[in-house]
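Just dropping this structure here.
The chains carry the letters A, B, C, D and E, assigned in the order they are written, with residues numbered from 1 in each.
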């Protein structure tokens, strides 16, 4: 919809900081570059499922921070209207982590380095892998990995919030815990965590036809855009096709937002101001 | 037993034919009716079928302007009967006509119209609206009827004044004593100003003074506005005082219907006799009930000597002297007669008559004439409006009438 | 057991529905959106220092000084937590949902109280409405009505209707049958009996139902947030995903302060006799006119909602 | 407005609490876990074809043939949807939460009915319990009790208590004061009055409260799932987050079938006279002994929970 | 006015001193008390302060085994008064002692004990437990007391039989008629078998027959088990029949207290006179109330000629002849005396005495002697247990006593 100073873009905003940051950066870029023909990015905060359900109807024009391959199935259902346009960042690592303090000498997990050793530490870990949301694709992958590695651990799923709360609880009590986590995440800024080594790297068929005894695939975030946007705001659509953020930058910003409680818009503004070349590559 | 009057049915305000109500439903109810038809008692029916036969085959007429009293043992079906009359409960059998219209044939709107404009009811347990003030309760029937606020206000005010609660108009029912609550229920029915009043023990919680006022009020309303009233009471004296006719129920069946004195004089069975035994006869019985033919009356042209002889035979000392139309002129005493005989006077002179006698009307209750009976040598004279002698009331007759047939 | 593919039939049905009656759905959506937006605009448009005195005054009129003071402090606290706008957005959604839920629930409850059959049919439906996880119908709701306030309002309304029905039914069934009989005896129309006898006498129960409607509506704030309705739900969801107890608590506190305010206001509206200043004012005004104070009969009030 | 950092104080307080009383928290956690686990084990241990007849029999005894047939069909449907184990897990959590909520809520309601002050104090607390978004206290609950069934039970219980309190209070306040007065006049102890007069007479209202407790507990299934309690919540959340309407609907349906079952069972337990076969059996047994059927006085029942 | 008997206070079962109850609280209540102290009427107090002065400064004693009736206008505070007696409502002022113990000093447990074991109450509006059967309602007091199931069952059964509801034991109160419900309330109080019974219009909904039975039951219980009863009624005849003493309330104040005949004979004011005007005097008044000194009695050794002269002076035809202890031997007639005078007989012989006279006890109500009065030349003789002549009842005296002082 075209306004006096350009059109308004409706962006779904997932309720986590990375998504908010991405949208804030895009909004800042749009504001400082009127030639993009977008007067405003109107964000609507929604959960992924609702967002994609709305996307199927054409309620949103773009989605940022689309976690892949987690939301692949969701995105598939909206493919008629919306397509994934570009990877914002990739090669984000994920895997199983333990608190670093627990690895120290004399601590319960002293000597734990690799996932293959986990059966020896099952008792210390309460026999649990504290996984995240049951709907994550990684939850399925972790199930296969537990079987593949022959680990005798219970896979506890709840929600990301509960999982992180459990992590904090263990931290407070200085207890050992095994959690699945992914980058980029503020949690790494707040807690000192160590990722367990994986003997075998990720193979594409590992979780489909393979035995599941392999590392987790790298994680990526994408930007998705409605096909309509290409006609209503072609320049902005083109920008989305080039929009990328370096992973370390994101983690720095996440720390500022989530750990130091800085204002998201402020962080985004500073970032845009301090990275003119990056912005120029986006704007083209 | 049927109490349908033989005079034209178009005259009846309320007419019930074979009215029956069974509490309970299904085959048990049918069985109960059938058992009852075979004369099985209510308690036994209750035990055998589990349903209660509250009213069974009751027929009666209430004439317009009649004050019709219903009495009976506790649980004999009186409340059920009046509830049937405005179809608050549907009869299991029988028909009811109000002013010639069959109640069963009315649709909802007509029934509402009838209840609202023709009949109003006073409930045994008051059934006031607890969240409304006394005034609002009193105005309830009118409010349903709709119409001008001012008129409603006025009638409500009037009704509350009648029952003596005008000063508590803004109180809530919960703040009133039992008798006051009952009077609010009364005011609600009165304010509606309907032809027919159904009153279920309306005065049971009232003290004697207020009750007396309420009785007078009801009689006045009936007389002046020709209201038809069906009135349930347990107070025999009240029933006798108010009731044009009294209906007696027993175990849901009609036992007797008639005027108070009729029932007193000829109870249908021992139950009725026992029921009315406690009545205060000084208030129920009237002069007419104890009237006797005078043993001896004289005329002015009677021969004194002759009269004196008859007096002696009758063991009396004096006699009423009447004129040709039978009007009382006075009393002649034996001493004057003896004198007249001695002086050979041939006729009784007007001057010889004394006025040491008393008269009363035939409809006066005994309580009013007790003082006058036996004050004089001649018994109390019962006269009509023209002072014609109808009879006399001897002292002994009063005492005999007042005494109850002794209970076993 | 053979696997029954019940779910897919339902999914097909929803898809079919979506194609069959888009006009209707859009119309509903448009109406609800318009109302909610208008209300939101009205509530968020003027700044907090205009609204707070207005709300406090309303509290004073309806209930009295105590609630007015509470209102003042509670809303000042909310705005000092920087949650004014979000709270007003939530208030708009909750008001719309609660009014719809009451308007639907109370009549259904009356119906259920009158007819045993209606009650028997409604009961499992109410169980269904209350226990189907909102997430289940949130997605169809988004399909039907699009992202925004509407699916939130719809989900909230569905969840909040049952207590209104149940407690209305309970209340009306509990009314002394003799009083109802008396009303019949005076020829009252069932409508009149309902309005003047049953509803007023069932009022405590109905008000408990409306209280629950409001509480349940407020408890759905977060879910409404997930569907894009904005408001405090958004605040809470973000806070929770960031494990930010502080922000989450503040958001929750705003909801609770709003809940207490609404609870008290509705309770005040139902109270007989009214204790608020409005009544006092009215009485004072009518006094010189009629020369007798408080003779004005308090109108027997139907409950706040219709 | 100056920004008040209320949230951080609360966060600090929670953290402090966690450090100060870990023993207490662990004890609570252990007890609730033990009960829930035992119940879950009992429910999920035997296969469905053992449990279904048992449940149907219970329905028959408590309420009659109708509910027995429903129970049979409903649970067969659930197991044919492959949701038997999840449903039983959910049932365990819901039962524990509902029993605790009733056991806490009804006495509080009694207290509130007796003392105006208690009622006034409780009211905002109840508002708080019902409207604080569960997500807000879910995180502290996980902090305190660890991931698993316990935070789910705790959150569910907190959310489900208010209707029990409110409707118990409403019911007891509605009892005819004259009857209570009569009990006093015969020297009844307040406890006796409560047990023999107030509770039985308030039973419809209290049962409506318990119904709401169960409904609200079931409506929290998903939230319990978010805290790691397993059961149908997990099914629904996974389905919904993947836009799988079919699976979501099936999960929701299982919850609803469970809800209807529990609703009817509790309603049956409260009904006077009892209509179930248990009563009929008992009457039939006692008949030859006393030679008169149904003379056995039905014991005036206190509500299902104490 | 105080009705505290001057005989030792330790004899009183219930003793009230300056009992006062104001409905309402705070300064308005104090003001109301103060206004009332200054003699301002209740209606005015109500209007000025908004509170109701239900009972004001009432003092009285009830003796053990006494049947104490309370009467008064609707709203005069009767129900409030009995509720004060077992502290269902706290008095605003004054003290109550039950069997010598101050009620105000009891703690909760003692109060419960007292209510449970010493007093039971029948409520004006019944106040039955609607969810319990008739039997369970009847057993309620006993159930609270605890104790053996069988005993409770037996006493409940007995009480239900007394009130004639044994066959409805398994019904719920809602299925009963008004009068039946009232009798369940009665059975509940009777089953408790306490010394003191507080009865608030317990018979108001009963029909005459059952009411008569219940009255007899109460009198029997009182006589045989020495129960102390405080009984509220609006039925004057009932009050007169049952009440050892009657207390009359007006607007919360005590107006008069005394026995029925005392009140009838000497009403304290117009209110009381008016209140009792409607009473059925044939049942209330006894022979003792209409007793007259015989104008003439004779002894066996009296001179017949002398006696005949005295008879003539008294305008009588016959006289009672007594022995030395004053016992009635028979009646002597003027014709025998005339004969004796002619034959110069110096004494009255036993053989000359006739037995055409009737005797009655002093406590028989007039209704029972109405038939006998005036049947014979000598008036009805009132004798004590040893046939000593206490006096006679002339016909005129009966009629005069029955007549009501006419109302304006």
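Heads up, the rule we're going with is that a residue touches a chain if its C-beta (ideal position, glycine included) is under 8 Å from a C-beta of that chain, and two chains touch if they have at least 3 such contacts.
What you see is a predicted model; the values in this text were computed from it and never measured.
A.B. asks: Using the contact definition given at the top, which chains are in touch with both chain C and chain E?
C.D. replies: Neighbours common to chain C and chain E are B, D.
A.B. asks: Applying the contact rule given earlier, which two chains have the most C-beta pairs between them?
C.D. replies: Maximum number of inter-chain contact pairs occurs for C-D.
A.B. asks: List the centre-to-centre spacing of chain B and chain D in whole Å, with centres computed as mean CA coordinates.
C.D. replies: Computed from C-alpha means, the inter-chain centre distance equals 62 Å.
A.B. asks: Distance between chain D and chain E based on Cα centroids, please, to the nearest Å.
C.D. replies: For chain D versus chain E, the centre distance works out to 59 Å.
A.B. asks: If you average the CA atoms of chain A and of chain D, how many Å lie between those two points?
C.D. replies: 38
A.B. asks: Between chain A and chain E, what distance separates the C-alpha centroids? Give it in angstrom.
C.D. replies: That pair's centroid distance is 95 Å.
A.B. asks: If you look at chain B, which of its residues touch at least two other chains?
C.D. replies: 125
A.B. asks: Could you check chain C for residues that touch two or more other chains and list them?
C.D. replies: Correct list: 138-139, 237, 240, 243-244.
A.B. asks: Could you list which residues of chain A touch at least two other chains?
C.D. replies: Chain A, residues with two or more chain partners: 47, 49, 53, 161, 165, 168.
A.B. asks: Once the touch criterion is applied, which pairs of chains come out as touching?
C.D. replies: A-C, A-D, B-C, B-E, C-D, D-E
A.B. asks: Under the stated contact criterion, what part of chain B meets chain E in this complex?
C.D. replies: Touching chain E: residues 23, 43, 46-47, 52, 71-76, 78-79, 124-125, 167, 175-180, 182-183, 201, 204-212, 234-237, 274-278, 280-283, 367-368, 370-371, 373-375, 395-396, 398-400, 402-404 of chain B.
A.B. asks: Would you mind writing out the residues of chain C in touch with chain B in their complex?
C.D. replies: Spelled out, the residues of chain C in touch with chain B are 176, 178-179, 181-189, 192, 196-197, 200-201, 203, 272, 294-295, 297-298, 300.
A.B. asks: Mind pulling up the chain A residues that touch chain D in the complex?
C.D. replies: My answer: residues 47-49, 52-53, 73-74, 77, 130, 133-135, 156-159, 161-163, 165-166, 168-169, 172-173.
A.B. asks: If you look only at chain E, which of its residues touch chain D in the complex?
C.D. replies: Touch list, chain E to chain D: 83, 86, 88, 111-117, 119-121, 123, 125, 127-133, 135-136, 140-141, 144-145, 169-170, 188, 192, 198.
A.B. asks: Applying the document's contact rule, which stretches of chain C touch chain D when the two form their complex?
C.D. replies: 1-8, 10-11, 14, 48, 76-77, 79-82, 123-124, 127-128, 130-140, 159, 162-163, 166-167, 170, 173-174, 204-205, 208, 211-212, 215-216, 218-219, 221-222, 232-233, 236-237, 239-240, 243-253, 255-256, 258-260, 263
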